[in-house]
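Only one structure is covered here, and it is reproduced in the block below.
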């Protein structure tokens, strides 16, 4: 073997910051190459909204827009937790009924036992944490496949809800604070204020990052692109706030209904929180690593079992929050809370948003976008007035059509070899 | 559609716009009636009165139920007629409708603590009572001594199933207490699922070593599941089975002697009464129903139209056909033609 | 060179189900030295490495690290002792990019937030030192790297840390001419800095160029561990292919059978 | 690089056939090493049966044994089809309602339209094939994730069933042949005959293989081991036939109930058929290959899309057969046929039996064993007489306990590095 | 040696998203010859191979096979033409055993039933010819094989068929001394039997030992394709690392910039 001496290269040249032009150009080539991030889900949403607006003009009203958020909230919250489990290539079939159990605990504590709302919320969330820990231990330490563990959970929790409900009767939730979560709105001014704070925070983070990288001589995005992003976020937040701040009561004089529904900032906050955890902390990094290649993660010294347990805890905790929102929206908890299609919709939301069932690929934003798709379909179908059978069929077909848009726009990715 | 506040002064007393009635049915699986009968009869009634309507089914899903209600209000419904899935969501929907000036009617199920203007219904406990009485009549006919009675209840998550059970318990429990009857296995069937019902009943039979002398099945579907197991064990016809809903299948089982009775609810009458009320509310008229029902939770008396369910045995199957609830074509197929003739159905 | 070896293994046995892969293996690695581990395909080299790094539990045997007995039950234990390994089956997370892979499990942080700029800078420097010139971006997912690029990332990952023992399992297999030279130079530099280095390679030229000692495995048995200066090229090849060379290695077949496990009846080489 | 000339080895030595002793020894080492095949599922079954027999002596009766088979038949059949889909790492959420659609078609054709039973069966199976083809095309050609496609199917088929049921009313199935499938038994003599044929066929195949391999000088199992296997199969088949041929009617004098339920040979036949397809044909080999590494399979020239479509066809066809059996058992089809827990139980059965959700690992036998576990749990729980809530909880716990036995006995596999 | 090459590529371009990996590549392989394809890590060798075998679609360019233009859209098309490839990332099915992997996609059958004994026998013979001695059983899953054993299985799989063109992407990277020798001998034998063989290797000794022609890729461009006898060892190394050597390869930087794509401004080598 020739060990010809080859002169050692100097440290890698730091290429100069690209201009706005090259940045846009690169972005376009990435899109054409199939690396399109959230675009397909956004396309799907747009297509659905346009379709429904044409079919039923009432779809396109401020009132309906507000309804959309509260209708999709519980499923979206559960889906956000499920993303963590799916990132590891695991599944949690019990998330739906876990939310039911937590909601049942909430209702029992606040209505039957008469404690204040915060005690009830705490109890519900603690229940979620406990459930998640047990599931996680069974999967990680005992080594039972998560499908089987959570199938057992699915059955058992269904029973627990029934038992907590004293067999069949439902429990009302009448506490004002709890009911407000899914049924009341922020005052218009508060809505604007929150949006402003969010945009300002984003701008601060972006600019700080830019300065930091530039100071070290690392590649940075051009400042114009950063400015465009900030403005973009402003529009994305501002338009809905504006629409939601319109009066949407039919009897505006008697009772005014306007403002951003309270669940919206809750979801937004959790979205930011979990996105931060996944992308800016080493914990999040480890979640992706274990999902991508558990053996490599183990060899890198990551405590794989601990990660595995933690995602189940997060999932069940988010399920608990979803359960609280569901209880608030229904003003009550019944034995079917978290049952029927909740689980499949939640997993479906994550998958439609782009999270893989095989682990390693997904974002919390996926759950929100996918949750929006599911909510829009449900909402739109509700306006169409089909009979049961037809409605199921049409819902399935619409879901499929939306997914086809997504699949076709991702097609290129496969064609160019970047998967 | 929203935002038209043209001088409405009173909830229910709506504007000069054409009335539009939204109806939310609960599900399509607990009973065949909702999609099979109620929808049909309500549509007919609304069409006859020439009012706009929108009938939807919540598929047993509360979230769906609320979503549909939201959508109907968005769509400009002036009256909302609901069959609630539970009191909580029912109340949430009724309250929201009221605050938006939409008229409200509880159909078939009273929302306790709710705010509906009217209530139209069959009494679910009365249905259960008829089932209990029917079963004891059949057991008496069979001259059974200390018969073991098994319960095949409806879905554990369905509040109606609880009401039915309260009904038949009120008849049968005294007989258990007096040792006239022996209480056998008592199980609920998740989702009213007939396949699971068959397994559950088969296990009841195994558990009691085959000693079951009467089956209180909460509806015809569950009854048929029990009958299929009895047939397999060649016990059909020897063990009376109850039912509900007067489905063609249930009636055929009765004609064949495998089922002892079913409960017939003249849904058409209920639907007609409800439609009439809804149209009145939509037009802002007040109706005197002549009857009220007490809502213990809301502590108020709700004006109500209450209809009587009817027990159907072999000898009065023809009444159901005469009512047009089940057609002769549906019922008297193949081998049942002769049985129909025997039962006087023409 | 210290008298006590940094790592000493004694009597290591390892079976996979019915198949015994390592039998009674002894092995030492000294600080400041490059120990070459050679052996035929399937001799058990990678298995031995994975036993050392805690990936596989051993069936029997002792580990001494720095003279103290230790038990290594997981890669975390190995890392805690200061053992870094480049595995033959590289074990990178395909869904992470180059920087993320290089710092996996030991991310730099400021507060609880990942310190991406620092990591990116450190990664760029390390890779540049390994003659990597064709990587387009450090933010590329490793799934899209060429074979040699992947291997370089794995090597860079292992040498980034201050460890005491670095084990490299065929690190230059997929590397180009220049890159191979860099890695061999790096190996020598690590040893000269006082680390113990274990190098597995099938390339005798490389082995003789950088190693201080050579350990030869033959069908799961350690047949010789000698100074590189005391052995010739062809002797090593003989040890690898036949298990013996002159008075080195296994006892000759017909002669001394007291050895216990004579190759004749233990050969698992039959292809069924 | 030294290209030292090394003498070429002769062709691999053919080692002599091992003796019975080494064979047993090797088996034992494999078991200790964690390579245990069907053992954990068998353990699970035994533990469950013993547990239930102690709790309820009526569990351990010929009648209950016969019930078990018919109770678990539909889920097992659907699970058998699902194994193919799971082998590819895909999922079919619609299998349950697909069976419902096929059952509804069956009932409509035979009862409403009045055609003979074989026309109805054909119609149901053709429906299954069509459904599978559509799902497969959407997954393979359009590229939508199977979870989303079959979630859409899950919704749509639910609607189709409702529409076929004319909105909710049950349709009776009274055709004698159809009802017989799940409700009648083979005559005792026929039962024995079939068992004998099966054992003889197995013996013939085994001996032929042995002769063939021996003739080529390849490694063979000792003839004593082969004999033991044949005898083993005889016992495994003979004992149940014997038990099922006992009288189990309450009124033996009036009406006799005995013999092997007709579904049993149907399941057995399909088990043999699909096992043959998976293990003895190149199609089956390709299914495993695509599931193990789709890219490698593609590089080897396998038409991956075709394989993908085919497994969905098999799955839906088996679902159709499952639907026919369900309709037969219930003597009717209702809008819930194939709904409720059917799907989760079927997937659960496959997974409990040992099939992986990640593809590449699984056998049709897994579905049968897992189906048996699910059926035993359901059957046993039915005898316990718990109230709904408690029943759900206990079912979940029992499932978990059974899965724990499995996980612990597989533990060793991980410990020794053989995964 | 025939005048028309068996395989001829002209003007192949290939990009992955924004990154262009191959630019205007021309390449020929002649029947009866071993063509060595060399290049630095990340030069684009494996990408070129995958374009030839239909795994990646190309962005531009022509394929001529036996003088006739063909289009290869999938590995099945390539196999139909008689092209067999050993990929660098071996692509074996870990859940199948050795025999199953070797015959994947072309199982021997009698009727519809797989003919296992025949396959097992053929596999055993082929493997024995490649000096595989440590494989315990042909029924072992490939997941449990050592690195070299896996590679041998992949090679055995490719040479089992009567093909016209065999492409081997770094086939000896993980192989031991004896196995490497066998594979090189096999490569020569295949060419002598009239097949066209393309061999990718970083080992210059191997390249010079068996090849008839050498093609050098540099940063995605084909910089030279010459007879092995017309070039020296160090010239090849220069081509690989710098893209030019004397009058071979890319035009010198300052001189002729009419070349179109002078390396100075197209170099994608910067590590960001």
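The first chain written gets the first letter, and so on, giving A, B, C, D and E; residue counts start at 1 in each chain.
Just so it is clear, a residue touches a chain if its C-beta (ideal position, glycine included) is under 8 Å from a C-beta of that chain, and two chains touch if they have at least 3 such contacts.
Chain identities (UniProt): A, D = Xylose transport system permease protein XylH; C, E = Sugar ABC transporter ATP-binding protein.
Since the structure is predicted, the reported quantities are computational estimates derived from the model, not experimental observations.
Shared contact partners of chain C and chain D, listed by label, are A, E. Among the other chains, the CA centroid farthest from that of chain E is the one of B. For the pair chain B and chain C, the distance between mean C-alpha positions equals 74 Å. Centre to centre, using the average C-alpha position, chain C and chain E are separated by 28 Å.
In this assembly, the C-alpha centroid of chain A lies 39 Å from the C-alpha centroid of chain B.
One simple way to say how far apart two chains are is to compare their mean CA positions; for chain A and chain D this gives 37 Å.
Residues of chain C found to touch two or more other chains are 16, 55, 124, 127-128, 133, 144, 177-178, 180, 203-205, 237, 241, 271-272.
For chain B, the set of residues that touch two or more other chains comprises 28, 35, 39, 156.
Those residues of chain A in touch with two or more other chains are numbered 1-2, 4, 6, 12, 162, 167, 387-389, 391-392, 418. Interface residues of chain A, counted against chain B in their complex, comprise 56-58, 61-64, 67, 71, 74, 162, 167-173, 183, 247-255, 326, 329-337, 339-342, 378-379, 382-383, 385-389, 391-392. Interface of chain D with chain A (complex): residues 1, 89, 91, 93, 138, 142-145, 147-149, 151-163, 167-168, 344, 347-348, 351-352, 357-358, 387-397, 399-400, 403-404, 406-408, 410-411, 414. In the complex of the two chains, the chain C residues touching chain E come out as 16, 19, 39-43, 45-47, 88-89, 124, 127-128, 132-139, 144-149, 152, 170, 173-180, 202, 204, 219, 237, 240-241, 268-269, 271-272.
Of all the residues in chain A, the ones that touch chain C in their complex are 1-6, 8-12, 212-213, 216, 218, 280-282, 285-286, 288-289, 291-293, 295-303, 360-361, 418-419. Residues of chain B that touch chain A in their complex: 1-5, 8, 28, 35, 39, 54-57, 59-64, 66-68, 70-71, 73-76, 85-89, 91-92, 99-102, 113, 156-159, 161-162.
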